[in-house]
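Heads up, the next two complexes both have chain A, just with different partners, chain B and then chain C.
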Partner chain A sequence: MRHRLHVRVGPIGFRIGSVWRRPIEQLAMLYAGYPAAEVPDFTVRLAPPSAWRRVVRPTVALAGDLTLPEAAPLPLAQAVLAAEMAMNLQVALGHRRHLLLHAAAVERDGRAIIITGESGAGKSTLATMLATQGWRFMADEFVLIDPVLGEVHPFPRPISLKNAAIAAVTARCPDRRFGPLLTATPKGTVRHLAPDARAVAAMDRAARPAMILFPRFGAAPAWRAVGAGEAFVRLTQSSTNYVALGEAGFDRMTRLARDLPRIAIDYPDTDAAIELVEGLWRAL
Partner chain B sequence: MAGAVSGVRALAGVLADPARAARLDAQQWTTLLTVARAEQLLSALAMRVDGIAVPAPVGAILSDARAIAQEARRAALWEAEVVRRALLPLGERVVLLKGTAFAAGGLLAGQGRLIGDLDILVARAALPRVEAALLAAGWAWAKPDAYDDAYYRRWMHELPPLIHRDRDRLLDVHHTILPITARITPDAAAIVADAIPLSTGLWMPCPEDMVIHAALHLFADGDLSGGLRNLWDIDRLLREFTDDRGDFWARLAARTARHGAARPLQRALRLSAHFFGTPVPAESARLRGGDAWFARRLLARDGWGRATRPATRLAFYVRSHWIRMPAPLLARHLAIKMWKRVVPARS
Partner chain C sequence: MAATRYQAPPGSLLVRALDDLTAVYHRPSGATHLLASPAPEILAALDGVAMTADALMLVLAVRYDLADADPVALAARLDELVAAGLIVAA
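== the complex of A and B ==
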């Protein structure tokens, strides 16, 4: 394809091809400072679903090595989101080297907190904010766990901020690199935030998992221990390749849910969440 | 651009001669892996080049692909076992077809073969009892629709697709290997009668029938989607069976005559030899007639994994319907399908 970007994020390499120049420029800005993938694991293609869609109200299909037939195309203005979604799709359906968790992760002193929960629980915002407090940002969207050794491998992709989180994060870190503001997407208003230089520089440094956090946004600050059984069920629901990994996936998931501290927190705002997390971390 | 040699040709070349993999640069590997994945041959490629020195990122991708094939094999064999248990009380022969048969039979063709649905063949007379036993054991119709159901039962070579409610796996129950309406009518009873028992109590077709089924599946049914993968099956089967028995070609010719499958089989031999260098009898060593069209269709993919040559693809799509049923039936079928699309179903 005419315009292209090769980029490696932690252990996974991508090749993004586009028939348009602009989306590649926008992605190159978000991925500035990342290494190039020598031989990429996955190919993503940004192209119109049919020839005339290149001209009349241009749209981008979510295409690549792996596709879902029901994935609807996005307007060309949202090409960065299309690329990120297509990259996520490749990982979710195709990656087998690690156990995948739909989660965020931060690290301190070689030990990682895995932050998991449903969409809207505040994973991305919490991980971003912890990274402004001395934590290393490791991942948003996908946390990669080595099935044999159990380590968390960094996968620091641009953070997809949604709706109210955009203003909150922009106010706190105004001098970071942001992607274009995308309005009226299927996920509401979206803006991507490039991970900080420290996260990118350390993308090959794994960490030992030390805690699993289940945040919930909206209520007064509170925390409770989560049982191993509940944690196991919630983690399996958050994994796209747990079944595909067979016995190795089951073993690793069981150990994660059984051996780590598991804590659910309620928080009304970011400051309260940071305070809770720091308190829980000191008590470990 | 992938350079002068198309990605599909490069893939066929490395599958046939894995030593070529040692000479590929990063760009050529990128194209090869992308095309292999699009053609559902990445795991097969990974098995073929196992042991050859490759760049580190390529090694990691190939190792994943081998793990995927291993898991696919385990899941497919388990699915066959569950079907065996469900049908055991009937005392009927259950003949595994395609990928699951290759895996269960320990054949070369099963190495790195991705297996999606389970395909089985049973005697036509046993069909009602097989259907009842499967429905009682947790299978259900995958897409319940009165017209599709009637169509399958009247004209097709299989029951409407079944899906298991717990494991979400598709099961195709065949009573023959081509649609009843197709121009070729294979002798399905002979396939069941001459099948080979596996240690599990299941059966697989005899070697000749496995080759003929693969050829019919590729050239007498369908639009050649995934065609290279099916042709690779044929290469693997032929290499294994011709090694085993000196009289294989004579047996294959006799069996082909019995099934009336000479044209598709000869075409399969010529194209397999063309793409993979399969050792075939001298009269099949070179392409002829319309073979070039089939080769053109099999090569219709670029180095980014995109389908190319839309006109050729469309022509083969039309052909797939044409060879499946006589023209009046085709017209009626397409008219009903279109009507159902235009007039939304009452629900």
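== the complex of A and C ==
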């Protein structure tokens, strides 16, 4: 393809090709400072679903090594989102070197908090805000766990902020690099935030998992311990490759669910969440 | 006719306790099962050892100090474990 970006994020290399120049420029801005992928693991292609759609109401198909037949194309203005979704798809369907959790992660003193929950639970916002308080941002969207050693490997992709989180994070981090504001996407309003330089510089430094958090946004501050069985069910539901990893996946997932502190937290705003997390961390 | 003997084939199960639940990985199928008592206790007794329902009842009664073991309920649990593929009946 005419326009290309090769980028490595932690242990995974991507080759992104596009028939249009603008999406690659936008992605290059979000991935400024990342190393180039010498041997890409996955390829993503930004191209119209048909020749007409390159010029008439142009749209981008979610395409790459691995695709989902029912994935609908997005308008060209949302090409960055299409690229990020296609990159997620490659990892979700194709990555086998690590156990994947749909989660965010932050690190302090070599120990990581895994933040998991359904979309809208506030994973991205919480991880972003903790990174403004001295935590190292490790991952949003996918947390990579070494199935044998159990370490969390960084995968610091641009953070996909949605709807109300956009204004909240922009107010706190006005100097950071943001992608274009994308309105009326399938996920509502979306804006990507480039991880800070510290997260990118440390993308090869793994951490030991120390706690699993199950946040829920919108209620008064509260926390409760989560049973190992419930944690196991929620973690397996959040993994796209648990079944594919077979016995190694079972072994690692049961250890995560059994051996780490597991806490569900409710929080009404990010200040309350940070206070809760810091309190729980001190009590570890 | 000899009574049916039940067994979890040797090496077929990987069992891990998770508080009040037990996760079981079934190696031949790659399937994960999440079990509540008394299924894990039954599997532990039948892991690599074939025995009749009567013998199993005795083993469970001794191991877990059961005073009022119910053979009908045990038969139902055994049928469920056979249906799930975790034990075989022969």
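As a convention for this text, the second predicted complex is superposed on the first by the 284 of 284 C-alpha atoms of A that agree within 3 Å, B and C clash if a C-alpha of one lies under 4 Å from a C-alpha of the other, contacts with A are read in each partner's own complex, and residues count from 1 in each chain.
In the analysis below, contacts are C-beta pairs under 8 Å (C-beta built on N, C-alpha and C of every residue); 3 or more make two chains touch, one makes a residue touch a chain.
Everything numeric here is computed off the predicted structure, so don't read it as measured data.
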Contacts of A:103 with chain B and chain C, given as first, second, both or neither: neither
First, second, both or neither for A:13, with chain B first and chain C second: first
Touching partner for A:229 - first (chain B), second (chain C), both, neither: second
Per-residue touch tally on chain A - higher for chain B or for chain C: B
Which of chain B and chain C A:257 touches, first, second, both or neither: second
Touching partner for A:45 - first (chain B), second (chain C), both, neither: first
Touching partner for A:246 - first (chain B), second (chain C), both, neither: both
Doubly contacted residues of chain A, that is, touched by chain B and again by chain C: 246
Touching residues on chain A, where the partner in the complex is chain B: 1, 11, 13, 15, 17, 37-41, 43, 45, 47, 64-66, 95-97, 244-246
Chain C-touching residues of chain A, taken from the complex the two chains share: 227-229, 231-233, 236, 243, 246-247, 250-251, 254, 257-258
Contact set on chain B toward chain A in their complex: 26, 29-30, 33-34, 37-38, 55, 57-58, 60-61, 63-64, 67-68, 71, 74, 304-306
Sites on chain C touched by chain A in the complex: 14, 16-21, 23, 25, 27, 30, 32, 34
